[in-house]
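Two complexes come next, and they have one chain in common, chain A, joined by chain B in the first and chain C in the second.
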Partner chain A sequence: MDFANIFLGALNEIISPTTAAYALAALGLAVHFGYTGLLNFGQAGFMAVGAYGFAVPILSFNAPLPVAVLIALGASAVFAVILGIPTLRLRADYLAIVTIAAAEIIRYIVTTNSMTAVTGSANGLSAFTGDFYALNPIPPGSYNLGPFAMNERDVWVRIVAWALVIVACLLVWMLIRSPWGRVVKGIREDENAVRALGKNVYAYKMQALILGGLLGSIAGIVFTLPRDAVQPANYGTELTFYLYTALLLGGMSTVLGPVIGAMLFWVLLSLTQGLLYGAIEAGYITFIDTSQAGQVRYILVGVTLMLLMIFRPQGILGNKKELAFA
Partner chain B sequence: MSSQANEPQRGERSGGAHAAEPADGPAANEYMTDSRPITEGAVEPGCRKRDPILVARNVTRTYGGINAVDVAHVEIPRHKITALIGPNGAGKTTLFNLLTGFDTPQSGDWQFEGRDLAGVSAYKVARLGMVRTFQLTKVMGKLTVIENMRLGASSQPGESLWRAFFPPLWRGREREITRQADALLAKFKLDAKRSDYAASLSGGQRKLLEMARALMVNPKLVMLDEPMAGVNPALTQSLLDHIKNLKAEGMTVLFVEHDMHMVRHIADWVIVMAEGKVVAEGPPDVVMKDQAVIDAYLGAHHDVDLGDSEGFEKLEAELEHDPESSVGTEPDGVVGRRIDERKGQA
Partner chain C sequence: MLAAVAAVFAALLFSAPAVHATTTTPAPSPSGSTSATAEGQDPDGPTNGSEYSDRISGVLRNAGVPLEGVKITATGNGYEGETLTAANGSWSIGVPEQGAFEVELDESTLPDGVALAENQQNPRTVTFAGTSNITTLFLLGEGIVLQQDSFLSTLTERAVAGLSFGMLLALSAVGLSLIFGTTGLTNFSHGEMVTLGAVLAFGFSALGLSAWLALPLAVLGGAAFGYLQDGVLWKPLRRRGTGLVPMMIVSIGLAVAVRYTVLFFFGGAMQQLPGAQSPTLEFGPISIPRNTLISLFVSLAVILIIAVLLLRTRIGKATRAVADNPSLAAASGIDVDRVIRLVWVTGGALAAMGGILWAYYRPGVSFNMGQQILLLIFAGVTLGGLGTVFGALVGSVIVGLFVEISTIWLDADLKYVGALVIMILVLLVRPQGILGRRERIG
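Let's look at the complex of A and B:
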């Protein structure tokens, strides 16, 4: 087994654009669930809306990059409002049910065959990031970032993705420390008490839902960039639960928690995959093959999450004191 | 906190409903000494007040055929402490919910300072200056005490999503809010708990925090739903003082309470509800002597001490002459045995 390579591969995940996408989407969930108490089980839907909202305009009517991004953001805001109007006046569990269903509806709509011309059906869409990579100011060549060699496209997409993560974290951090953040945290604790103090709880919940949804759709765009493709199968319900895993790993009521959680999630996945594959190829493990090993790592992620919930329920960055009264 | 908190003697306070302790220091101001009559005309259920802050008419709320609230007319006098009493299930909390927009009545209209509030949402009601607390105390456990207080403040521009990004727009107001909050915390003796999570407070401290937080809104009418429930006698006294201080500061107080002694102690006016209706109202001394109220609220023979044989005999003697009592009509237990015996001898 080549341990050095396995560890390097895992470390490489820390700055991968996919990790950045997970971090952004999990940050959106932190705004929803960690701060406002909105149980959104449809973050994958917001990511899909972002990804398709970005890809479809470019491929269908040659929209310029900024227009495509605006359409993606607008579409996810509309999606949030549609979800929020019927559910935000109700208890939290209703939002959970509606969002999980809505995310599936989005996925089924883009998979329908009658939409093939627009959404590419089950095959999805590809070759729509030309404009994005055309903006790349980095000259072609091979770049070494520590032990990692990458081309100019890899560097560019990482810079953009992580710049977005940093900006998003800063904005969320500012918001949460503001009186606005105090109100949404109050809503998380007891919305009727907040209402009794003269705050328009419904409007705050809607704002939070839209805000977290926007972060989700930006994540959806970032997710498509390194692949130059969007496929409906990527936006299943399990994506939402991976995001929740990342969120809970890092600490749900923190700004950097989702980022750390996303990094850890991908490092763990990569590490377990590397170690399992290595062990199977070296003949240490004989009762499973490599394709089964791919599934085993998700079992390990689940076990990790269980252990975390038992021994450090507040997550890695979370404040233990906050949870002592849960 | 004085030992007086323990069960003030019945009839300890005589005189009018408006009498305030003159030795109350700063509290002895015009609101405390105002002795003009509260009502206009006769004192009866649903009577007109000289200066009502809240007027409700024909407010009804039914839950599956049961009339939870069916109030024909009720007025809350301004600058007074009004107690809303009644047995469990009388509809007191439901009436609170209806008036504050947390529930919607089947019919009725009500005005707060002349402004129609039917159909107005709860947060707007609070902004108008009518702030309530809850029977089951609601504090934001994972916010600190001071953050709980700040949350109560109104007109903080930083609570708007856009302005939240620009601290210079809201820092000034935040400092004012914090000053106001600190002053209130000191008054309610919670200043030592300032940076603790509200969840770490005791039940009584939470009651205090909830009341203090409601005051951050600068309300005109404070509606307290069972402020004394589950609070120890020493803290009860301090809560009573706080409620009296609210009046001294020019606020109107409406509170739900079960303990008649507490009500007698601080209320200027008492409204009695039973089965959703206002069955009696008046100054506490008068209302508490009202036989209908005593019967409906406390049961007909509430003042008999069953701890000694003398009281027991007294109860039996009373029951014997109570036409509504079933005791003694058939031998069914310890109570009434002597009545049966006497009947047997006769």
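Let's look at the complex of A and C:
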């Protein structure tokens, strides 16, 4: 068993673009759930809207990169408004059910055969990131970042992804410190008290839903970049639940919590996979095969989510007083 | 009270085997016959892909007579599989991944005097749409045109199917609604309770038990899972005073853990319960699969029993009292924890039964089957009104009917979308649901 390689592989996940995408999407959930108390179970839907909103214009009408990004963001804002109108006046579990249903609606619609020409149905879309990589200022070649060797595309996508994470974190941090953030946190603590102060709770909730949703769709775009493909199967309800696990690991009412949570989530997934596969190949574990080892990891994710919620709902960084539920 | 509980179980035990009346008919399933041919196959020869879980299948019949030994090939995505039709005319080719495949029937292998009907594309392209099994039929015989059913008979067929589907949704939805009503928990792991019922039924019958024994045992297993869940997880959490939102997230963690545990032991392939292929019954112009009809009557009977228990017995009254106001119920001497435990047990049994019926309805058992209808169950419960038992029933039937009838106009792969859209629209105009009360929505 090659421990050095397993650990290096796990460390590599810390800066991978997928981790950045998870961090962005979980940050969006932190705005929704951690700060405003909105139980959005449809973040996968926002990511799908971002990914398809980005890929479809490029492939269907050759839209330039900035236009495609704007379309993706616009689509997710519209999606947030449509979701918010029926649910933001209702109790938290209604929002949960409607958002999870809406995310599934999006997935069914992009999977349907009648839309194959636009969305590629179950196979999804690919080859739409040409414009993005054409912007790459880094000369071709092999680069070593510590122990990790990568080509110019890898470096470029990592720089962009993590720059977006940093910008998003700064933005959320400033917003939460602003009067807007105080109102939103007030809504989380006691909606009626905020309403009594004359604030339009509905409007604030809607703004928070849109903001978190925008972060989700940026995450969706970042998620597609290293793969140069978008497939509907990636945007099932499980994605949202993994994002919640990452968010709760780090701490849901913090700015850095989602980022650290996403890093930890992927490092732990990679580590358990490496160790289990290694143990199986070396013959230490004989009663399961490698595909079952992959499933053990997700059993652990579910158990982690339960234990976190029961024993440390504030996560690693969080403050127990700042929970969306008391 | 114990007598009442025993009555529930007796009813469950008694009613479940009725589904299985079909097991006596020798209906070889296509998956069974292909795996048999796979064993004798030359490993280097053409494969029928029996090791894959995604399958393209169909049945070849000429004027009702099955055709054996007709060669059918599927090519696409760099893969090629071929198979011969079995004695009952069925064929099935496994493919390594979902996508578009070209399916061709080798017309030279057809018996003399039999030809493809006009307008039958050969080869034709089939595309997977979310499900792991797609069916394509080659119609044979000269001058056969696609049968044009009248709209009314199609509508009736869809309505009966929808009613059957809605009733099996209602089984799970009633349990979910009872749990919500008594504990306030929106249980996201209910889908896994549905899966567990079907998987246990498959497991027990794979052990060699007859379906008459395997299905009731699976329902008992579901009840035991409900008992265990409440005892190990939910009761301690209620004692700690955990809020509803954290409990909801705990139920999600449980759902993920259970789903992958089932996948771990059961595998990703689609399996069939005994008697999954049922004959189609003809009522004049309307034809309905027998299992669908049996499933309809079983769920109807079980729901009637639950209704009588809730309305007529002391424990039923106590359950409704706890659902209405737990503190007041406790103050008037009702053992709230015991009622909740009973609700979990009943909910688990009902969900397991719903899972078994769902496995016959689709047909097939897979590790994620519960997850696939969880949202429809939620839609039924929300439509009817969260926490109301009869609302859950009405809502589920509406969802079932809507899902099936919408396939007349909508593509089959969009049929769940309609139901979910309806749920969101109803929340817009009547957030408390059809039978819900205003005060519950907060």
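Going forward, the second predicted complex is superposed on the first by the 312 of 326 C-alpha atoms of A that agree within 3 Å, B and C clash if a C-alpha of one lies under 4 Å from a C-alpha of the other, contacts with A are read in each partner's own complex, and residues count from 1 in each chain.
Here, a residue touches a chain if its C-beta (ideal position, glycine included) is under 8 Å from a C-beta of that chain, and two chains touch if they have at least 3 such contacts.
Just so you know, these numbers come straight off a predicted model, no measurement behind them.
Peer 1: With both complexes superposed on chain A, which partner does A:Ile85 reach: first (chain B), second (chain C), both or neither?
Peer 2: second
Peer 1: Would you check which partner chain A:Ser121 touches, where first means chain B only, second means chain C only, and both and neither mean what they say?
Peer 2: A:Ser121: touches chain C, not chain B.
Peer 1: Scan A:Leu175 for contacts with chain B and chain C and give back first, second, both or neither.
Peer 2: First partner only, chain B.
Peer 1: Scan A:Gly302 for contacts with chain B and chain C and give back first, second, both or neither.
Peer 2: A:Gly302 sits against chain C, while chain B stays out of touch.
Peer 1: By the touch definition at the top of the document, which applies to A:Ile166: first (chain B), second (chain C), both, or neither?
Peer 2: Neither: A:Ile166 stays clear of chain B and chain C.
Peer 1: Going by the contact rule stated at the top, is it chain B or chain C that touches a larger number of residues on chain A?
Peer 2: C
Peer 1: A:Gly198 in the overlay: touching chain B, chain C, both, or neither? Say first, second, both or neither.
Peer 2: So A:Gly198 only meets chain B here.
Peer 1: Which parts of chain A are touched by chain B and by chain C alike?
Peer 2: On chain A, the residues that contact chain B in one structure and chain C in the other are 324-326.
Peer 1: Residue numbers of chain A touching chain B in their complex, please.
Peer 2: Result: residues 171, 174-175, 178-183, 185-186, 188-190, 192-201, 207, 211, 253, 321-322, 324-326 of chain A touch chain B.
Peer 1: Within the complex, which stretch of chain C touches chain A?
Peer 2: 98-100, 127-130, 186, 237, 242-246, 248-250, 252-261, 263-264, 371, 375, 378-379, 382, 386, 411, 413-414, 416-417, 420-421, 423-425, 427-428, 431, 441-442
Peer 1: Applying the document's contact rule, which stretches of chain A touch chain C when the two form their complex?
Peer 2: Touch list, chain A to chain C: 39, 85-87, 89-94, 96-98, 100-102, 104-105, 108-109, 111-114, 116, 121-123, 237-238, 241, 244-245, 248, 288, 292, 295-296, 298-299, 301-310, 313, 324-326.
Peer 1: Taking the complex as given, what residues does chain B use to touch chain A?
Peer 2: It is residues 100, 102, 121-124, 126-127, 131-134, 138-143, 147-148, 150-152, 154, 156, 158-161, 164-165, 167, 170, 174, 197, 199-200, 210, 213-214, 216-217 of chain B that touch chain A.
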